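I've put the structures underneath this note.
Each of the two complexes below includes chain A, the first together with chain B, the second together with chain C.
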Partner chain A sequence: MNTLLEVKNLKVRYGNIEALHGISFDVKEGEIVTLIGANGAGKSTTLMSICRLPPPEAPRVTEGDILYKGQSLLNMPPHKVVSDLDMALVPEGRRIFGNLTVEENLKLATYARTDGHEHIAQDYERVYQLFPRLAERRKQRSESLSGGEQQMLALGRAIMTKCSFLMLDEPSMGLAPLLMYDMFRTLKELNQGGLTILLIEQNANLALRFAHRGYVLDTGEIVAHGTSEELLADPEVKKAYLGG
Partner chain B sequence: MEIFQNILNALQFGSFYALIALGYTLVYGVLRLINFAHGDIFMVGAYLAYFVAVTLLGIGGLNLGLHVDPALALAITVPATMILTALVGVTLERTAYRPLRRKGADRLYVVITALMAGLVLENGNLALLGASRKRFPDLIDKVIWNLGGVSVTNLKVVVIVAAIAVFLMLQFIVTRTKIGMAMRGISYDKFAIPLMGIPLDTIIVVTFVLGSAMAGLAGILFAMSYPILEPYMGALIGWKAFIAAVVGGIGDIRGAIVGGFMLGFIEIGVVAVFPSTLRDLFAFSVLLIILWLRPTGIYGVAQTTKI
Partner chain C sequence: MQKHTFTIGLFALIALIVALSQLNILDQYYTSVIMFMGVNVMLASSLNLVNGYMGEFSCGHGGFMCVGAYVSSLCTVLMFSKNQILGAPLLPPQLAFIGFPIALMVGAGAAAVAGLVVAIPSFKTRGDYLAIITLAANYIIISAINNMEIVGGPRGFMGMSATDRAMSGVIDLPWMLIFVLLGSVFTVWLLRRFVTSTLGKGVPAICQDEIAAEIMSVDTNRMKLIAFMLSSGLAGLAGGLYAHVLGYVNPQSFDIMRSTEVMVMVYLGGMGSLSGAAIAAVSYTVLMEALRFLDVWKWVVIPLLLILLMQFRPEGIMGNKELSDLFPKLRKYYSFK
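Up next, the complex of A and B:
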């Protein structure tokens, strides 16, 4: 399998504070990889660094490299990462445009697409098929959606940008268990359709049951990695992250 | 018949306020920034129109030896002024606001920068061109129609039609196009815009282009209606347009047009009844009362706090 994303010895700072002390990991085509760890371990920082979000929100990379299909992302503007490399991020807290309707949110996500009306129409159909609730609420202002529906919209929006590599930051946050399982089932389906996924989760149990491989992040360093089965069986990981 | 005359005049004044208010409201709607330099962009627009016009007519400006027919000169001056004024607006954004945005400066400092930028434009003009006023050349023959005692000039009609056409165009852009959606999206969550593959700075530049071009259009129409230009001409009218935008509900295109026309009607209405020295006092007091009753303006909604 080809390596899609390769993070090499990444060191990242917020102001004077180093948040990542040289982490390395990779994601191969077709995989689901998860980064697990406690609050403040540097999980979101890692995703923000990959997405090159504009300063001052973004962490500053001081050392190391981030390669996508062998190409360094470090000098790439954030919108190009999405529009030219077909990567997408569903950020923490969803960050949908609450003042726009559901339909407008999805339409906005197609802004930079150049692959023609037919493909875009197909993707609309796919999103509405995956999430019939969104189709019902097309004309509704999106801030009036429930948390679960907002998460669907955030994922739908990522699909509409045409992505082959999807990053998710805490998609389970604030969702009722039933909705959470639905969401993960949908993600699994998308993965089986060829989408590569990098998932960040605090709910390590859930994440490892869903992913092929995982990395454990602790205060800016990777302390363990392996297949999901290995990590689920690891006594240290069990003790620290899986509740015994 | 006097009432109809007053209505026409109110519509004309309201059109100027509305055209300028649209620029305030566009930039505010996208960046949550009150671009206090916008009134002076209008002044720059009037001066640019003057230089383009006199150059074309061969009566000043750059001596290119041109002697263009006034009607053709007008046809060139309007788009040229809008483009040049848009460039001034974009330059302002690049040199003054963008660096602050990059550094994550607090909004207060950006507003102070905007006020300073306005003063730089006013005083830069004064330093460059001196204190003498400029007389804007006549580009069209004034036609006056007498409709049952109401005198309607072709220029007044043009001004009112222009304001309404600009409003309809901007309303279409903001509500129907992807660029407009991106503009509205930025105001809600700037962070998420690049995640949609959208270049944030491009959308901001488009916003300044639209707002400044409309100020340029207002500048040329104003100069044709009141052909005396001076460096501070944008200050008071800029303030009034800003207040019109706030009363209408800043951030909403409809608010700018309603607020602008409302201010026009209040001003003309006051003068029709009271001595003209009371005009601004009454106008601003009425607007204060409207804001007191409805602090978010007519079309405004209270901003919800985000997580």
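Up next, the complex of A and C:
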């Protein structure tokens, strides 16, 4: 399998505080990889650095490199990362556009696509097939959606940008357990269709059952990594993150 | 057929107004009120793109209007009028039909370029801070023109009515009225096309969440550049028409008072509603004329109305809805979204 994303000795800081002390990990094509860790471990910081979000939102990279298909991302603006490299991010807290309708949210995501109306129309159909609820509510302003539906929209929006690599920041946050399982089932389906996924999750148990491999992040350092089975069996990980 | 009813109706209305004015059933006063309505519709709808759809607070719209007014006036005076400094007319009056729209476009283009003064700082600055920059832009433009002797400085600049005379000399019609009405239809049409397009959806996205817009592949800097330049360019077009309607401009008529007036129209109509902006511009112009008997006191009454509006209907007449949202039956005749 080809390596899709490679993070090499990444050090980033917010002002004077170093948030990541040189982490390295990689994601291969077709894989689901998860980063788990406690609050403040640096999970979201890692994702934001990969997406090149502008300051003050994003941390400043002081050392190391982020390579996607061998190409460094460090000098790219976020919209280029999304449009040219087919990466997509479902951000923490969803951040959908509440002042637009469901359909307009999806339409906006096609902003930089140049692959023609036919492909875009196919993707609309795919999103509405995955989430029939969105199809029912396509004319509704998205701020009126429930939390679960908003999460569906955030994922649908990411699909509409035409992505081959999807990053998710805490997709289970604020979802009822049933909806959460639904969401993960959908993600699994998308992965079987060829989508590579990098997942950040507080719910380590759920994330490891879902992913192929995982990395454990603790206060800015990677303290353990391995296949999901290995991590689930690791007594240290069990004690710290899986509740004994 | 039904889809075109609205367009046909609109142009029939324009033809009717022009005919009434031509036959002197609408006298000079009513004709000029209608022309100011048109100019105000253009100003309010173009400012609405920035203040309503994009959620910024631009309070220097008068400045861009000023650039458009002066640049297009300079062009037409150079082409069709005798001027002490610029000399004899360069072109015969028959060419005014081509020359005038070109002059208006040049004015609009210059105003769009002036919009860069605000657009480039907007990459890094938002909200209140950007509002101060727009205010400064307005002052810069007014002061610059105050100090330019070639356009008369604070005394103002005239000679634009020669263009109107040149056109009426060839075909006797109220040409300025026609241009203003067509200009306002063009402005609203263009803005409507823009905000409903996939590209234009980037504008409300920036209003809501810039970071989220970026990760949806929206180049927010480019989007801001387009929105600010489109808005100021259309204000320049309105300014050009305003200058030629009056036949005389001076820098004071584009100062912060003018910018405030346009803002009042936008907030009266409802932010993010084009039909709201148009309705507000028309009713504001009517109100200004209706309160003329109050003389200076109308500047006490109108701000008071604004306070009452903000108290009891802060979202303006239309909120962020369009006419077709409030009266779904209208959708048969024209579709907004």
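List of remarks:
Keep in mind that, in the parts below, the second predicted complex is superposed on the first by the 244 of 244 C-alpha atoms of A that agree within 3 Å, B and C clash if a C-alpha of one lies under 4 Å from a C-alpha of the other, contacts with A are read in each partner's own complex, and residues count from 1 in each chain.
To be clear about the criterion, a residue touches a chain if its C-beta (ideal position, glycine included) is under 8 Å from a C-beta of that chain, and two chains touch if they have at least 3 such contacts.
A quick note: this is a predicted structure, and the numbers were derived from the prediction, not measured.
Aligning the two structures on chain A places chain B and chain C in a clash. In the superposition on chain A, A:Thr46 makes contact with neither chain B nor chain C.
Using the contact criterion defined above for the overlaid structures, shared-chain residue A:Thr34 touches neither chain B nor chain C, since it reaches no partner. Note: residues 51, 53-54, 57, 77-79, 82-83, 88-89, 91, 95-100, 104, 107-113, 157, 161 of chain A belong to the chain B contact set and to the chain C contact set alike, using the contact criterion stated above. Listed in rising order, the residues of chain A touching chain B in the complex are 51, 53-57, 77-80, 82-83, 88-89, 91, 93, 95-100, 104, 107-113, 143, 157, 161.
Per the touch definition, chain C reaches chain A in the complex via residues 198-199, 201-202, 204-205, 207-209, 211-220, 272, 320.
Here chain A touches chain C in the complex through residues 51, 53-54, 57, 77-79, 82-83, 88-89, 91, 95-100, 104, 107-113, 157, 161, going by the rule given at the top. Contact residues on chain B toward chain A in their complex (touch as defined above): 102-104, 178, 181-182, 184-185, 187-189, 191-200, 304, 306-307.
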